[in-house]
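Both complexes below contain subunit A, partnered by subunit B and then by subunit C.
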Partner chain A sequence: MKGVAIVVGLFALLALLGPELAPYAPDDDDLEHILEGPSAAHLLGTDEIGRDQLSRMLHAARTSLSTVALVLAGALSFGVLVGSIAALRGGIVDEVLMRITDVALAVPNLVIALAILGFMGAGTTNMVFALMLAAWPAYARLSRTLIVQIKRRPYIEAVQLMGARRTWILRRHLVPAVLGPVLVYATADAGFIVVSVATLSFLGLGVQPPTPEWGQMLVSNLQFMETRPELVVFPGLALTLLVIGFNFAGERVALDRVPRPLSKRALARRRKEALA
Partner chain B sequence: MVRFILRRVATAILVLAVASVAVFTLVTLAPGDPAQIVAERRSFGADREMVERVRAELGLDRPLPVRYLDWLGDVVRGDLGTSLRTNGEIWAELRERTPTTVLLVVGATLFALIAGVGIGILGALFPSGLGDRLSRLTALAAVSIPSFYLGALLVLLFAVTLQWLPSEGVSGPASWLLPCLTLGLASGAVLSRVVRVGLAEALSSRYVTTALSRGRGRTGIVLRDALPNVAVPTLTALATQIGVIITGAIVIEAVFSWQGAAIYFLEAVKFRDFPVLQAWLLLFAALFVTINTAVDIAARAIDPRMRRAVAEGMT
Partner chain C sequence: MNGRLVVDDVHVRFGDVVAVDGVSLDLAPGEILGLVGDSGCGKTTLARVIVGLEQPQAGRVFLDGEDLTALRGARRREVRRRVQLVFQDPESSLSPRLTIGQTLEEPLLVAGMRSRRERVKRVTELLELVGLPATLAGRRPRALSGGQRQRIGIARALASKPDVLVCDEPVSSLDASVRAQVMNVLLDLRDELDVSVLLIAHDHDLVRQASDRVLAMAAGRLGSPAQALQRR
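Right after this comes the complex of A and B.
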C-alpha cells in the first residue's frame, strides 16, 4: 500500500512543481516541429501546433488537482453546514433539507453538473460551481447522520448541563467528530471528481483551451490518433493513474477505520506474548 | 403487495411533480433573459421593442405559476416544445434519436449483467484462483479508467491497429461492439463484485455446510442454494448501474460519433437550448423514478422475506 501513497504523493509533487519542471511553456508553439514523435528535445513529442506535450501534461496536473481541491472544499463545507443545521434544528427544517438531498442523491452527479452548465454556460469556474452543487448532498447526509448519533451521547449532555452554548458544542465537539468520516469519504470522492473534471473538459464544457487539462488535451488530439497515438495515450494514462491512486487511497483509509480481525501472524505473536 | 405497489406509485408521482417544478424553476433562475437571447438570435442587435414582442410571443410576460401549468399541460399532452437551436419539434427529434441510445444502453446493460454475474459466479466456484484474483484487480482498474479514455484505447487497438471493427457511427452489429463494451465495462466490474461478495457470504452460512456434509457438489450448491440469495442485491446494484450507464451514454455517443438522444442533450447543454434541457431533464427524472419504483417492487416480489415482513407489519 506504500505504492499508492507514492503515486498520489508523486502527483501532488507534480502539481506543485510541474510547471517549474516543465521544459517549455504550455502555450509555447513551434510551427516547424508539429506532430513530432518523442525526441530528446520533446520527450513526449509535440502536438498540431508544435507545443511540447510533456510540458502541457505537467501544467495539466496543477489544473486537475487545484480544481478537485476547490470542488471538494466547497462541497464539503457546504454539505457539513447543511447537515449540521438539519441535525441540530430537527423537525421541519431537517425534513425539508433531507428530502432535497434525497432527490439530489438519486440523480447522477454528471447529470446535475450538465444541467447546471446548460443553464450557466461552459467554463472552468462554472464547472467547479456545478460539480460542487452536484457533490454536496452526500456530505450533508453523512454529517447529519453522524451528528444525530453523537448529540445523544452522554458527554454532549454533560457539557450542555455545564451550560455550554450550542455554537461552542458544535465547534468543539460535533464538527471534529464528524470531520474524520467526512474526510474519509472525501478521499474516495476525489477520484470520482478527477474523472468528472476530465469528462466535462473532454465534452468541451469544462477547462477551455488553450489551458491544458488531460481530458481536454485528449479530445483535441483524438483526430491525430492514427499517426501519433501517444498524444492520446499519455494524457489518459496520467489521468487514470491519478484516479487509481485516489481510489486505492480511499479504500485504504476506509479500511483503516474499521477494526479488522487480527492476522494469523499477529495472533501467534499475541499468544506468545501472553504465555511469556 | 397491491397496497405496497400503490404506495410506491403514489410516491413516484409525487417525486415527479417535485422534479417538474425543480426543472421549471431552474430555467427561470438561469442567468440571461431568454426573450433577449431569442431576439438576438433572430436578428443581430435586436432593439427593445423586438425583445418585448418576442417575450409576448413566447408567453414569458405571464406570471410564473401560469407558465408552469401551461408547460406541464403541454408536456402531459406530448408536446415538449420547440428547440431554440434547430427550430424542430423536440418530441419528433427525440423520437428519431432514441432507438440509437436504447440500443447502446440495452447492449451495455446486457454486457454488464452477463459479464458481471458470470465472473462473480466463476470467482465463487474457484475462490482465490488466478481468475478470482485477476478479476478483483481488473474490477478496480475498470472502475478507475475514465470511459472516454477506455473508448479511445479500444478504438486505437481494434479499429486503428487491427482494423477489425469500425471506429465510429452506427452500421450493423460490428459497430455496436466497442461502444457497448466501453459503456458496460465499469458496471460489469461493480456487478461482479456484488455477486462475488454476496456468494461468499451465502457460502459461509450453515445450510451450505450442511449441504456439503451431505456430499453435494460445490457447483450445485453455488448455483442452486447460494445464487438466489444474491438476486436482490444484484438487482438493486443493477438499478444504480442502469442510471450510470444512461448517464455514460452521453460520453460514449460523443466518443463514437453516434447521433443518439444522449448527444442531443449534450448539444442542448452546449447551446443553452432551454426547452430541450427542460424536456430532457424531465424525461430523465421520469426514467429514473420508473426504474427505481420497478426495482423496489421487483425486489419485494423476488424475496419472500420482504413479503413476510410486510404481512407481519414490520415495514
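Right after this comes the complex of A and C.
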C-alpha cells in the first residue's frame, strides 16, 4: 500500500502545485517568439503561437490527473454499488446486472466511450462521464465476485445472527473487505484511463484546446516533430511516466498482498501464547 | 425462565442429498442437550436451521412458542438474537480485519448500546466471563491461539444475551490439551447465565460428561443414544 500512497501522493502534489509553479499562463501567446528552442526565458521552448511549453505541461498535469481521478472515483463507486447489490440480492437481480456487465466488458472501453461521446458530443465533462460509463463494469464484476465469496464466511453469518441489517453488514464488513483488491485494480486501470483521456483529447473529443492536456499537446505538436522534437517528446514522456508510475504502484500492492511466511520471532510468540 | 426450543419435523435437502430427514427435538430451559453423530450426518445443517441461517424445506422451529421460521423483517432480527451459534471453526468465524474488542463490541452496537463507556465495560466483562484477560481486546484474531479464538466465539455469542446457545462441535478443531478448558468455560456459563445449550459433537464421551441428556443422529435422523454407542 505504501508504494501506491507515494505514487498517488506525488501525482496529487504535481496536480496541485504544477499550475502554481508555471512561469507563464498556459494560453499566453507571443507571436514574436514561435517555435523557439529551450532558453532561459522558456526552459522547454515555445509552440507554434509562442506559448511557453513548460507552463502548458505544468497546467496539463492538473487536467490529466483530475480527469483520471474523477473517472476512477465515479467508476469505482458505481461499480462497487452495482456489484454489492448483485451479490446481496442474488437471483434474478444478480443475473440481469451481471449479464449487463458481461456485455459491457466484452466491448473495449474506448469503443464504449467513443459511442457515448458520439451521442453526447465532445467536451471534458462528457469525456469524463463517457469513460466512467465505460469503466464501471470491471469494478462491478470484481466486487460482486469478492462479496459472494465472503458473504458466506462464518464471521459474516455471526453478524447476521446478531440481528444486523444487510446495509450494516455491507458497510462494516463487505465494502471494507473488497476495497483493497478494488484499489489494486484501480491503480492498474489508472494508467489505461490516462491513455484514454489522451487518445480522446487527441481525437478532439475530450479536453478542448486551448486547455492544455498532454495527449492533445503531443498530437497537435506532432507536425513539428522534425524541427522541434521536444514539443512532442516531453508530453510523451510525462504520459509514459504517469502510466508506468500507476502500473508500478499497482504491481507493488498486488505483491504486498501475497502472504509472507511468519518470522521466527512471530512463530515463537505464537507458540508461547498457545501454551499460555 | 426462557429458552424452550422445539424443533418440529425439520427436513433439509441439498439437491439430491438429504441432509436432515425429519428431526424433532425439545430443549428445556436451562438444559444441556447433547447431540452426537458421525461426520456428514446432518448436525451442522440442523444447527444452521435452528439459528436461522438455513431455511428448511419443511418443519418448524419454536422458541418459547414463537415460530422462528415464519418470522420476517425487524421481528425476525430481534428474535434471532436470542438463539446464538458457536461455530465449529474458530478461525473463519472471526473477522481477520477487526480487533477482538471490535468483534465483541459489534453485537452491542447492533443491539443499540449507545454509550461507548458501557460497551467497553461490557467487552471486559465478556472476556472475563470466558476466562480471558481484558488486554486481549486490542489484538487481532491471528495473534490468538485456537482455544482463545473459540472462547472469543463463545463470548461474542453471549454478547447478544441469548436464551439458547447452539454449539457446533465447539472443541473438535482444538488441541486435546485445551478442549477440557473450553468445555469448562461452557459448563460454567450454563450455571452463571440462564441459557439452554444444544451441544453438538462427534466425541461421545465429552458430550455425555457435559450433557443432561444425549440424542444420537445418523443419516439425517435421530435415534436413541444406545444405538449410536453400540455402533461405535
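As a convention for this text, the second predicted complex is superposed on the first by the 248 of 276 C-alpha atoms of A that agree within 3 Å, B and C clash if a C-alpha of one lies under 4 Å from a C-alpha of the other, contacts with A are read in each partner's own complex, and residues count from 1 in each chain.
Please note the rule applied: contacts are C-beta pairs under 8 Å (C-beta built on N, C-alpha and C of every residue); 3 or more make two chains touch, one makes a residue touch a chain.
Everything quoted here is computed from the prediction, not taken from an experiment.
Under the clash rule set out above, the superposition-derived model of subunit A with subunit B and subunit C shows the two partners fitting side by side. In the superposed pair of complexes, A:Thr125 makes contact with neither subunit B nor subunit C. Number of subunit A residues touched is higher for B, counting subunit B against subunit C. By the document's definition of touching, of the two partners only subunit C reaches A:Pro154; subunit B does not. Of the two partner chains placed by superposition, only subunit C is touched by A:Gly163; subunit B is not.
By the touch criterion defined above, A:Ser39 lies against neither subunit B nor subunit C after alignment on the C-alpha atoms of chain A.
In the superposed model, A:Leu205 lies in contact with subunit B only, and not with subunit C. Judged by the touch definition given at the top, the superposed model places A:Leu222 against subunit B, while subunit C stays out of reach. Judged by the touch definition given at the top, the superposed model places A:Ser66 against neither subunit B nor subunit C.
The least CA distance from subunit B to subunit C in the superposed model is 18 Å.
No residue of subunit A is contacted both by subunit B in one complex and by subunit C in the other.
Contacts from subunit A toward subunit C in the complex involve residues 153-155, 157-165, 168, 172-173, 176-177, 270, 273-274, 276. Residues of subunit C touching subunit A in their complex: 51-53, 77-78, 80-81, 83-85, 87, 89, 92-95, 97, 106-107, 110-111, 143-148, 153, 156-157, 159-160, 175. Subunit B contributes residues 15, 18-19, 22, 26-27, 29-31, 140-141, 143-149, 152-153, 155-156, 160, 243-244, 247, 250-251, 254, 265-266, 268-270, 272-274, 277, 281, 284-285, 288, 292 to its touches with subunit A in the complex.
Taken together, the subunit A residues at the contact with subunit B in this complex read 103, 106-108, 110-111, 114-115, 117-122, 191, 195, 198-199, 202-205, 215, 218-219, 222, 225-226, 229, 232-233, 236, 239-240, 243-244, 247-248.
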